[in-house]
Amino acid sequence: MSGELLQLTSVAKSFGAVRALKGVSFDLKAGEVHALLGENGAGKSTLIKVITGAHQPDGGSIQIDGKDVGRLSPASARKLGIACIYQQPALFPDLSVTENIGLRLAQAKAFSRVNWSSRRQQAQQLLQRIGAEISPDAEVRSLSMPEQQLVEIACALGAGARIVIMDEPTASLTQKETHLLFAVVRELRKNGVGIIYISHRLEEIFQLADRVTVLRDGESIGTNRVDEMNEASLIKLMVGRDISAIYPPAENAAGEVVFSLKNFSCTHGGVRNVSLEIRAGEILGLAGLVGAGRTELARTIFGITPADSGEMFLNGEQIEINSPQDAVTRGIAYVPEDRRRHGVILEMPIAQNMTMAIHKRFFPGTWLRFGAEKQLALDYIRDLSIKAYGPEAPGNALSGGNQQKVSLARWLATKPKVLILDEPTQGVDVGAKSEIHKIIRSLAKSGLAVLMISSDLPEVLGMSDRIGVMRAGTITSTLPGKSDAPTVMAAALGQKGAGA
Amino acid sequence: MNAKQPTWKQNLFRHEAILLVVLIAEWIFFDAIGRNFGTYDNSCDILRHSCEIGLLALAMTPIILTGGIDLSVGSLLGLCAILFGKFWRDAHLPIPVAALCTLGVGALAGGLNAALITRLRLPPLIVTLGTFSLFRGLAEAITQGVDTFTNFPNSFLFLGQERWLGIPAQAPIFIGAVIFFWLLVHQTTYGRTFRALGFAPEGVRFAGIPVERRIAMTYVLAGIISAIAAIIYTARLGQAKADAGNGYELYAITAVVLGGTSIFGGTGSVHGTLLGVAAIAVLQSGIVHALQPSEMAGMLTGALLILALTSSVLPKMISGLRARKSALKLSKPIA
Amino acid sequence: MKKYFRELSVAGALGILLIVLAILAPSFYSPQPLLSLAARASVSLVVALGMALVIIAREIDISVGSMFAVCSVCAGLFAAMHWPLALVIVASILVGAVFGAFNGALVAGLGLPSIVVTLATMVTWQEGLRWLRQGEFVNLPDGMQWFGLSQRLGQWTLVIGSIALLILLALAMKHLSIGRFIYAVGSDAEVARLSGIPPKFTTFLIFVFMGALVGLAAIMNIVQSPQVDPQSGNGLELKVIAAVVVGGVSISGGRGNLWGVFAGLLLLACISPALTHLHIEAYWEKAIQGVIILLAVVAEGLRSRKALDHG
Amino acid sequence: MKRFLSYFCSLAVAASMIGCGKNSEAPAAGGNQTSNPAGKKLTVALLPKSKGNAYFISCQKGAQKAAGELGDELIFDGPTGTDPAKQNEIVENWITLGVDVIAAACENKEGISTALRKAQSKGIKVITYDADALPDARSFFVNQATPQGIGYTLMDQAAQLCSSNAEFAIITASLTAANQQEWQKFIEEDRAKNYPNMKLVAVKPCDDLKDKAQSETTALLSTYPNLKLVMAICSPGVPGAAEAVKQAGKTGQVKVIGLGLPNENKIYVHGGVTQAVVLWNTMDLGYLTVQAADALARGTLKPGDTSFKAGSQTYEIQGDNIMLGKPFVFTKDNIDQFDF
């Protein structure tokens, strides 16, 4: 167990105009858990993709066992014993669990024979080892998100990897599954495997990790032994300033109730009788783990998966929403979580993206008004200080933060009464992040009712006037905006009485 | 910053420019070696001959823009042609009424495609492959193959065979369709939605736009246009038979793709399609005037198609590499 | 059961058709004609198998008809030059493979959409062949028909051969990793790349294989008569694509299996003779085919939609 | 920018399609040349029903011969696809191209006639061969055999070959082919008149594909066990049907006759599978057609003539039909004398 298992020196990577990694150095010893910490968009995922060979770095070197490996391809990375559990499971939806595991573990030799029985056994064992009750024959598309996560973990285990990367593996796991996972991780460590562990849950890092490296803004802020650190110091490292400082002050302009739900459910959407109220000028933060049903709730409100029971009120009047069209006409706006797939149409100019939701109103008789559109775009580019070379710029020429602003602009253009934000700052660099926060706050000031979903705990705490915590498809508790992290997290994890 | 020009538009521009050059080159070439090619008469013939396929290609453009495809237009042309004949001869309807009924049939047939594709979320390729057989089959079943409709009144044949104000009588309809589709695709929110659908159907749904209705619209339109094409076709040939429009769907798709519309949807243009149609039509006529066997036309069309595709890929590859390099240099102003 | 719903439903439809025939037109089951029918069907089966792989890998090849014609004529000419039978067979397969490789290179190499590429090659080969051969029949030497065997034996060879190929491929798809690669690439090419499977290589390989199979099918076709009709292969592409789709292979890749394709092909191959035996006029054939295709996909559509609604 | 471009493109296309080119001289050209005295080199355009069809290839051979003797320029081109409108397009192209004579074998009587009339109005002489157009659309029809002649010959052959109450089936090119339908009409007429007890059990299309003809026949044979004869009235159909009969092991029991080329059928005729192939000498047909076309354009062949001398042979003219002679029946004994 001597020396570095993995050694990265000043690795750089850019996407178009965005510089995801600005020369990061990082090392991993055999038999240690090295936590990688950083806000969304700090460059963690990119770093991982570089290590797994999914991305080719633009600069820097990668050494394994002190040997320079040059350009890594996914295949060669696997041969070198690198396995990764991605945030979104990278599995074949059409194939069975056994096959997925098999394909991942077998060497890519085109004409070798597939031994199904052994593959099946192997799959079974691996799944048992992490205590997952999944049939090896199930088609992956039929599995839930956390189940797919577990399959991923099983793959990594089976690969007998010497370097295992876990990108927020517990994000969508239940407590039981999480504990099993920790056991697995510890076992791996015992066997001299090096583990790169990425998580937003500081408590996990203190339970599990030996060392922690903090990334910020594509740069490594420093590596420390975990036992020399505490939450506060870590957070300080992560965000570079004290939390309270970076969020615009929340003055509760408690207007009258604009929007409210009563026993609002969408069974196959996974939303169970939710009740909530949002006042004019108020930001209601929605905390909870991934898979707690927050996005599902938003989509149900917005009419993508229409509700099957419960009531919805807008300005006191009961309304029904069966499609996004209804929502838009009612003045409900939804800035979706998956910016690249739902928020912005990357190939189209940002001007066209901004008017996408107001075709009816903005283009009377469906005739396009290019001049007016350009003007509108220019206004938003100015107001939201979007960094782009013009209304003509296609979405994919913008950085994540600016894409998010475009997506925001699209919905501001609809002059909404209720604004639903789903992970508004996910994958956004720190600069743009605080700008977006300011925008949200000023919108609230202007009398909008804002519902803000976020997995980024500091954000929820910093922005919200009130915090709703969701678990298993319903709002379990509503806390005041000034609550502290442990309380919220406890509520999210469903630990009774913790903190509060 | 050298990312100043959006590349997708760049390619579009490039492609249509290239195609225009090709077209002009064809024209000059055949005018040089072909007998009486560049004459006004011949130009009119080229226009007349490309009307039906031109119409189908126009209708196909929005469909392909949305990332769909319609293999049934040719068969539908056949079905509409013979039904038009039946309405006129057997149901004794006056020509205009018969024509209207035919349009109705076209719309219905298009609606069938649309319903299967949007309601049941079936892949357009398969659905229209099925209706491709179905429509042709119905046409043959109704006429039992033998029945041929002919002896249409001259007033009607005028539409297909005579000149009006010096241009082929069917040209105004075609030009009308061109204008309609150009405005639809390039000047209205519909066209914009079609593109968006081609790029990211989910994204469009999240923008509160009725996706199904828009998609359905393109197929119904295609149905109606096929019906119009069927009527013009009947007028041009002076007969309606179950084999009308055999294989037209492939000509139309070829023209659209040659015109620079991506088969995956999103990018493309009506004027591109128009250029595509023209390039093929000129080629076919030119080959005959150059006294070359007409097989040549087919082979050259195929070759042209492959060239067009590759020419649209290579610049992307290059610009991709360039972007990668430039990113390193110009990151300062961004961060 | 649920997993193979589609395959079974097609097989069921085929079964019903066969039963109807057994009751209304037992003459359908007279052995010799049935064998001839099988021998003819085995040709399209071979092509359909290739097409199935192509479609499972989320591509499509509509140039098979033209390739088929080209291979037939080439093989015919080679045979007419009195090349030994084995050599002719190999040559035909090679010719097919080369044409397939051309498609493959454009699709996998340059990343062009397969439907357009093969549309272009389809037209080009077709017209080229007609231009060169003027549709002239190629007369084959005596040794060629039925591989020089007796007719009965020859036909059995074809049928058994194609079935053997079916079984082999089905096994390969299940038990060779390349087979799983094909499913993987069709299911999600990017994930395939991440798990170290070479998508481009796989795609290329499939097109080459498709071509080779077409070459083989061409041989299997020309040995059934003493002359080669250069028109043969017209419309083959639609025939096999229809069979593959009816057989339950998803046009969006990743799903379906060869047994379903087998059932689908038999179903479509039986329609035309069935119509004859049931004394139904020929002009209904196309319409009935269309309806069958639509029914097949609609069934699938309704089912997947139900699944979808159940979350 | 982009919008400007699109306007530009649309305009350019419109322009290039309307053709800013020179003014039409095509019809004039056609007109002048036809009025020219003999001795001038003429352009004869020969239109087959479809390309890649052995039948018309052999016609072309004959046509070539004639053109060579007359010193005319011969254009031979036709539709390559299944699109019935193609013939019209080619003819219309020839009109602007300025040919002197068009000789057409018509796929669609009414369809093609519109184009041929147009040609005549532009002063281009038109004759038809193989399959006629509407009478007003051409000056002469080179009649290799009237549909009646063909129909009756086939039916009589059939009757000779099997008993007076036999069942027989027909293989056609396609359900939509005009001339095939006409032949069937006369076959049926002859049957009704002279062989009322013979029974036509089925008509199957083979899409002009030998393979399909083969499988259709196979099905027919098992469906109608006491089928006595298969009559294939399209050239790929005959060998196809014959092969099927041979494979069904019914050689001799089930007779095969049809319209086809000697070369494609020799094996079967010798093998005793095919009893008779009815056809005319296609080379002569091509030869006569071009001769007649040339003469018509030079004015040496005028309506009202009762005979026409082509090369060494003289052909009878009935009305506006130049008769090639009776359809020819190829059998074991004579088939080897022909090579086309």
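Each chain gets a letter, A, B, C and D, in the order it is written, and its residues are counted from 1.
Just so we're on the same page, a contact is a pair of C-beta atoms (placed from the backbone, for glycine too) under 8 Å apart; a residue touches a chain by one contact, two chains touch by 3 or more.
Keep in mind it's a predicted model, so treat the numbers as computed, not measured.
Participant: Which chains make contact with chain B and with chain D at once?
Facilitator: C
Participant: So, comparing C-alpha centroids, which chain is the farthest one from chain D?
Facilitator: Centroid comparison gives A as the farthest chain from chain D.
Participant: Out of every possible chain pairing, name the one holding the most C-beta contact pairs.
Facilitator: That would be the chain pair B-D.
Participant: Taking each chain's centre as the mean of its CA atoms, how far is chain C from chain D in angstrom?
Facilitator: Chain C and chain D have C-alpha centres separated by 34 Å.
Participant: So what's the Cα centroid distance for chain A and chain D, whole Å?
Facilitator: Chain centroid spacing, chain A to chain D, equals 72 Å.
Participant: Could you grab the centroid distance between chain A and chain C? Build each centroid from C-alpha atoms only and quote it in angstrom.
Facilitator: Here chain A and chain C have centroids separated by 45 Å.
Participant: Check each residue of chain B and list the ones that touch at least two other chains.
Facilitator: Chain B, residues with two or more chain partners: 9, 140, 144-145, 293, 295, 297-298.
Participant: Going through chain A residue by residue, note those that touch at least 2 other chains and give them in order.
Facilitator: As it turns out, chain A has no residue touching two or more other chains.
Participant: Could you pull out the residues of chain C that touch at least 2 other chains?
Facilitator: Counting only residues that touch two or more other chains, chain C contributes 127, 130, 283.
Participant: Sort out which chains touch which and give me every pair.
Facilitator: A-B, A-C, B-C, B-D, C-D
Participant: What does chain D use to touch chain B in their complex?
Facilitator: Counting only chain D, the residues touching chain B are 2-3, 5-6, 9-10, 12-14, 16-19, 21-27, 29, 51, 75, 77-85, 88-90, 92-98, 108, 110-111, 113-114, 118, 174-176, 178, 181, 205.
Participant: Going by the contact rule at the top, pick out the chain C residues touching chain D in the complex.
Facilitator: Touch residues, chain C against chain D: 25, 27-28, 30, 32-34, 36-37, 40, 127, 130, 133-137, 139, 151, 155, 221, 224-227, 229-232, 234-235, 272-273, 276-277, 279, 282-283.
Participant: State the interface residues of chain A toward chain B in the complex, per the touch definition above.
Facilitator: Residues 12, 14-19, 22, 58-59, 217, 304, 323-325, 327-328, 334, 336, 341-349, 352, 356-357, 359, 363, 366-368, 387, 389, 392-394, 397, 399, 410, 429, 431.
Participant: Could you pull out which chain B residues touch chain C in their complex?
Facilitator: Against chain C, the touching part of chain B is residues 69, 116, 120-123, 125-127, 129-138, 140-141, 144-145, 250, 253-254, 257, 262-264, 293, 295-299, 301-303, 305-306, 309-310, 313.
Participant: Under the touch definition given earlier, write down the residues of chain C that touch chain B in their complex.
Facilitator: Contact set of chain C toward chain B: 60, 106, 110-113, 115-117, 119-124, 126-128, 130-131, 238, 241-242, 245, 251-252, 281, 283-291, 293-294, 297-298, 300-302, 304-305, 308.
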